[in-house]
Amino acid sequence: MLYREAGQFKTSYQADSQIFPILQDRIALLSLLVVAIVVVPQLASAYTLSAILIPFLIFSLAALGLNILTGYAGQLSLGTAAFMAVGAFASYNFIARLPGLPILLAFVLGGLSAAMVGIAFGLPSLRIRGFYLAASTLATQFFVVWCLTKIPYLTNYSSSGVITAQKIVIFGYSFDTPASKYLLVLAVVALMALLAKNMIRSNVGRSWMAVRDMDVAAEVIGFRLMRTKLLAFAVSSFYCGVAGALYAYAYLGTVEPEAYSLDLSFRILFMVIIGGVGSVLGSFLGAAFIVLLPVFLNIVAHSFALPTSVASNLELMVFGALIIFFLIVEPHGLARLWQIAKEKLRLWPFPH
Amino acid sequence: MLMNEPDNRFEAALANDSGGRKIGPVILDMQNISLSFGGVRALTDISFNVKQHEIRAIIGPNGAGKSSMLNVINGVYRPQQGEIIYRGQHRKNMDCYAAAKSGIARTFQNIALFKGMTVLDNIMTGRNLKMKSNFLMQALYWGPARREEIEHRVKAEEIIDFLEIQAIRKTPVGRLPYGLQKRVELGRALAAEPEILLLDEPMAGMNVEEKQDMCRFILDVNDQFGTTIVLIEHDMGVVMDISDRVVVLDYGKKIGDGTPDEVRTNQDVINAYLGVAE
Amino acid sequence: MNHAANTANAAVTAAAAAPYLSVNNVEVIYDHVILVLKGVSLQVPQGKIVALLGANGAGKSTTLKTISTLLRGERGDVTKGEVQFKGERIDQLTPNELVKRGLSQVMEGRHCFGHLSIEENLLTGAYTRNASRAELKESLEKVYHYFPRLRERRTSQAGYTSGGEQQMCAIGRALMAKPSMILLDEPSMGIAPQIVEEIFGIVKDLNSKENVSFLLAEQNTSIALRYADFGYILENGRVVMEGAAAELSANEDVKEFYLGVSGAGRKSFRDMKFYRRRKRWLA
Amino acid sequence: DDQYVALPSYRVGPYAAGGSGFYGGIIDYFNLVNLSGGVNGVKISWEECETEYNPSRGVECYERLKTKNGGATMVEPLSTGVAYGVLDRLATDKIPMTTIGYGRSDAANGKVFPYVFPLITSYWNQAAAMIKYLGDKNGGMDKLKGKKIVHLYHDSAFGKEPMPVLDALSKQYGFELIKIPVTPPGTEQQSQWLQIRQANPDHVILWGWGAMNAVAIKTAQRNGFPREKMLGVWWAGSEEDTVPTGDAAKGYSAMTFNTPGNYPLMDDIHKKLYDAGKGNLADRSRIGSVYHMRGVSAAILWVEAMRTAQEKFGKGKPVTGEQMRWGLEHLNVDEARQKAIGALGMLPVVKTSCDDHEGSGAVKVQQWDGKKWNAITPNWIIGDKALTRKLLEESSAAYAAEKKITPACAK
Amino acid sequence: MNLNFFFEVLIGGLLSGVMYALVAIGFVLIYKASGVFNFAQGAMVFFAALTCVGMVDQFGFSLWLAVPLTIVVMIILGIAIERMVLRPLVNQPEITLFMATIGLAFFIEGLAQLVWGAQVHKLELPIEDVPSEYLMEKFNILVSQFDIMAAGVCALLVTSLALLFSQTKVGRALRAVADDHQAALAVGIPLQRIWAVLWAVAGLVALVAGMLWGARNGVQFALTFVALKALPVLILGGFTSMPGAIVGGLIIGATEKMAEVYIGPLVGGGIEGWFPYVLALLFLLVRPEGLFGEKIIRRI
């Protein structure tokens, strides 16, 4: 009976509308943050930090962005990587062209640029729905990457069409070790996750979900479809844009536009669906699943001393099979699985 | 009741529980409304009006055009002909947002709740037009946004209490049985503190006891908040008992309009709908 | 619930007619955590109409879905008990096999195929029958005879028809399979009173002329008990009362809570239970 | 102790065919070296990690592999995206990376990119060599005047890379350069080939990668464009690019930095490895294929770098990444050395320095006869190196400025 | 403007469109019958072609033996997919099923390469991919004879599948299933069996597409990408319409080639990647359900 809410009575609505109304959740989250901020940078190896945790956090942020759009506002999108690319390339250009621009501000500007592109490409969503919309968001994907390869201005006329992210320097402190980059990414992601959580529990979040669940009814109740959907596109793209900038600045360093390929869009969509459509936690769980599982499988497969090509193919098959397996066990994703586990724990040891 | 009235109507209603219902002037006037879908004529030249504070029932056989009429009133459908006069304003058709903004709320025949959201959230959505803070403030969940959220939460809780659905406040509505969903839907509409409440078969799929409860809710809303109610219902017992005036549609045409007693004895209505005089 | 009475009653029904359909002590859990049916048992003798009554959320629909094995698609699990139809366990069969064996369900909330026309909807109902065109035509005619409104709308896409029309379509669709037993979930919902009477008339008709058995979950208790032979009352996932329809109609509690008539006869909805709400408001 | 190198490889996904051939070649040569006692007695060890050609998985692989077994001393991702992803990390980690025949051309400047080695040749030198070859073919560079050359390219950083060189040369020699992009992955090229047919060029440079190549050759055939007029880059000149086209590729030629043919070394690989069941390729018929041989060449250069480094820092013990870097910067794989290895002429002579991490820039042209590739230029071709050098200086200077690097030779 | 060239571009585009349609049909088939957007269609095309070629290359079977054997394999695959993936996921939201097909795509890709290796193969069909001499001489227009044959195959496939959907009881049942799984079950439609059959048929369509595309481009992993070319065709033609796939294919094929040839050079080229999507998107703004797709019913 570790996990009980019994005895925790909410005496005010204020208390009840806290982000995490259950004490244990609050404690768990706080300790997780403390561990992430204090312990992890101390103990984790450079490998864990720079090859696992940083991409995990960045992908979580992108997944969160997509989740706002797809999970909360119900607009299926396959253009995530394009918005990330806009964020990255815009940040790059802002810094390159406005010397002395604080880098965090550049990220925000990058995010805003992505939001703008998001709004432009979100316009069709007013008429188009479901898989039709998903397939048309591919237009964004291809068009943006095409622009980045075609317009030399966007890559600052670099001969090979790649951009090299400038060094991250904030208030004179240079973020170049894995641990410092990790902390920076963690801070950005944690802050943005908090903001997302706030939006979702307020009226904006409800407007998104209402539009997702039944747009006609939402309209009748007084939500304006256009504004709600476009806001979702904007916020989502902003998140993806910032994630894209981090992807370039805190992870890859030198990037070509193709790093933001359709493949990446799909991977982020997988994260959202596996983790849980319409769940902030799910974005993190999904990112963990998609980032970590292949690594784990890779290590396992190679420890069996199989021929590498066999191992690689098996890895792919197991990965696919696990996705299906998890969907069968819980179609609403890992977040829901987690929630059920909690519900069970709450009842434990008395079933039902 | 006007939109800019203070938000504390619930308390006000509680405080002076006078219950005196005075039927006022015509608030909504539908004139010569015609609506068709391709070849299907859902409504043909229908006129009727709704007075302030009254309970107005629309009855008629299946496919008569009742739901379509409600859809016209709040702008889901645009009639090809006719005029809607609401609070003195003449319009060719309504628009969903404008309708909601000017105090028209409704429930649907095939429940249209937001399935993925909890009961509380569903009811909170009903209050969206009254929320003023912008999304940035909401994202920060700071100051006015936070206060506003809590203020509205109080209202939502009042409705939850009123409808006696406290126990399921945090349950996702998709999991609720049909009858409770209907109640939540009513709650969502009430949360908007509407001037006119359009109810499309609010009692379908309920047993007598539940219908009694629902009637009570409707009467209370009408009594205490003075809300005008337009109601579609197939249970003649209910319609005859609680409505002030009844309009009868058949095949998209109006075949009767009047007090329950008048309608009950109207031969056309008996032939088309009631079968036997009750 | 009095256990002894339960078994006694079961014995009585069993003696009257071998149960055509029997549900034995079924327990159902949704989503691995939500316990909805807590040991429901009921029988439907051949050629009888049995009504399943109860408040919202009592578990009527769940019971019907358990029988028709449609529960699986809603993440519900039968954790205990068994269902028998014509003396055979059916809980492991697919719905297709059930329909072939003559057990059809009309689901709550219509569930018409929105993009198909009304007539196509009806025709899918005959999927399991290897019927000739002529036979199909005849069955269609029969449904149209019962529901003339459907004939008028036969070429409309079901998604665009009115609520009542969809309900008729759903019932008609089930009839197309020529079942020997029908599970009807709230057939009267959203139907004009005249048609409700007609639907129940059809039920009675099929029952007496074609010996079709019915298990109907219904909120409209008065009409259900008028047409049914036998009734079960479900509360909170348990059977709390059962008996012959006439017996139930005469029961004081049933009268008060399900039929809306108390000692003084039928009360106006306007005056009903004012106190309850009032009390709460004043508290 | 072993000399450990990291192999972030790919054996699944769209480029699996190339990846398995290339890494198979590397591992075969390593095994062969180990069989004969290693490099001065030091055995080579390696670890593979599946990148699926995906930058972010590639970075993870690099980070995972680099700390294994006491630290990796060299890495080769055979993917531009992955190479970019790890580029910034190399100097801090002190691990040299080779990008043989791909990646940034300007990385040949060791003063700016001390840890990157685009060994043998870069895209710019390839482009220059291609024009040189076409000039020779036409009977002299001056004959190029007025000729039409189509640059049919993979519409990406890769395909755009040679443009500065091609543009400069077209101006210099007066041929018309028509650039036609192909949207990746390039499974449909009907419109491009119609355009080409319409332009009726004298030559088509096929700057393709992956599936695009076979499609280009097939589409050329379906549009009746002679394959003899097509000249592919070295990533468009392997069995993987021609075999799937059947006979369509007959007469098609492509650049290469390996001379196809038989070498004592390849015989050894057959005998000592595959006959003993120790070969890395699943399919023996791929031994000696272009990708396989390219892998073997890469491995030869690495082993030579180890040898060179050991000579300076102590024979018989493994060298560190830093020392390996020195070794790579002081390579001298001349003909005598090639002969000793049993691979004389398989690759050009490679001699590196701080200024020149490429070490050669020489290529050959090979032609597909329907069954196999045959070299059709007896000598190694070198294009206008002065031009590429100039471009290289400019571009690497810009990079250095952007990254605030002061160009200098590492010790 | 050179009229002859214009016609070549047009015809070439139309025929390319047919090739796209061939892949699109597989999607339509599954979507129409279950409301599932089958992400694994590309992987199935690859798997089918590779299996067939693998048997020829590695076991030395003749094409006439390999094709029937592959058909058997695809049928088994279809049945297995129904049992292991679809059956447990019946009545789940579309997006869940979509995700499951993504998992499936990974699985099939891995399986194909595990069994047959990563090498590329050539596939030679009896008809060669060279310009038709007849047309060349007669009209001075250059059209590949292979493409003409592909168009014939495609027309045949579409006609027979369209007939299946519109004329048979199974066709009706399939459309019912796409609307509402639960209700389809309730009326006794044997969902499981139908799905198994359907996925098997989709496997066959994948085989046909795989053979033709494989003969055109070689059998290699990139076959999975042809799905990308089919998507705009789908949205333009409508997810639920067989004729839509063909018409959509023709429109997309023709316009994308025209655009690349006539507009491309003005903007730096390479617009084929996004042009069809933008075109389809603009079209959707007019008709949100595509050319022939079923109208999305939004009613309350």
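As written, the chains take the letters A, B, C, D and E, and residue 1 is the first residue of each chain.
The criterion applied here is as follows: a contact is a pair of C-beta atoms (placed from the backbone, for glycine too) under 8 Å apart; a residue touches a chain by one contact, two chains touch by 3 or more.
The chain list, named the UniProt way, goes like this: A, E = Branched-chain amino acid ABC transporter permease; B, C = ATP-binding cassette domain-containing protein.
Model, not experiment: these values are computed from the prediction.
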item: Minimal step count in the chain contact network, subunit B to subunit D; value: 2
item: Most distant chain from subunit C by Cα centroid; value: D
item: Furthest chain, CA centroid comparison against subunit E; value: B
item: Pair joined by more contacting C-beta pairs (D-E or A-B); value: D-E
item: Subunit B and subunit E, separation of their C-alpha mean positions in angstrom; value: 49
item: For subunit A paired with subunit D, centre-to-centre distance based on mean C-alpha positions, whole Å; value: 36
item: Distance from subunit C to subunit B - Cα centre to Cα centre, in angstrom; value: 29
item: Touching two or more other chains - residue numbers and ranges from subunit A; value: 142, 146, 149, 214, 216-217, 220, 309, 313, 315-316
item: Residues within subunit E bordering two or more other chains; value: 109-110, 113, 117-118, 268, 270-271, 273, 299-300
item: Touching two or more other chains - residues of subunit D; value: 11-12, 16, 20, 155, 183-184, 282
item: Interface residues, subunit C side, partner subunit A - complex; value: 29, 31-33, 35
item: Residue ranges of subunit D in contact with subunit A within the complex; value: 9-12, 16, 20, 23, 47-50, 54-57, 59-60, 62-64, 66-67, 80-81, 84-85, 87-89, 92, 104-106, 155-157, 160-161, 163-164, 183-184, 282, 391, 395, 398-399, 402-404
item: Parts of subunit A lying in touch with subunit C, wherever the complex brings them together; value: 340, 343-344, 347, 352
item: Residue ranges of subunit C in contact with subunit E within the complex; value: 68, 70, 72-74, 94-96, 98-100, 104-107, 111-116, 120-121, 123-125, 127-128, 157, 159-160, 173-174, 177
item: Sites on subunit A touched by subunit B in the complex; value: 13-14, 16-17, 195-196, 198-199, 201-204, 206-207, 209-210, 212-214, 216-224, 231, 235, 278
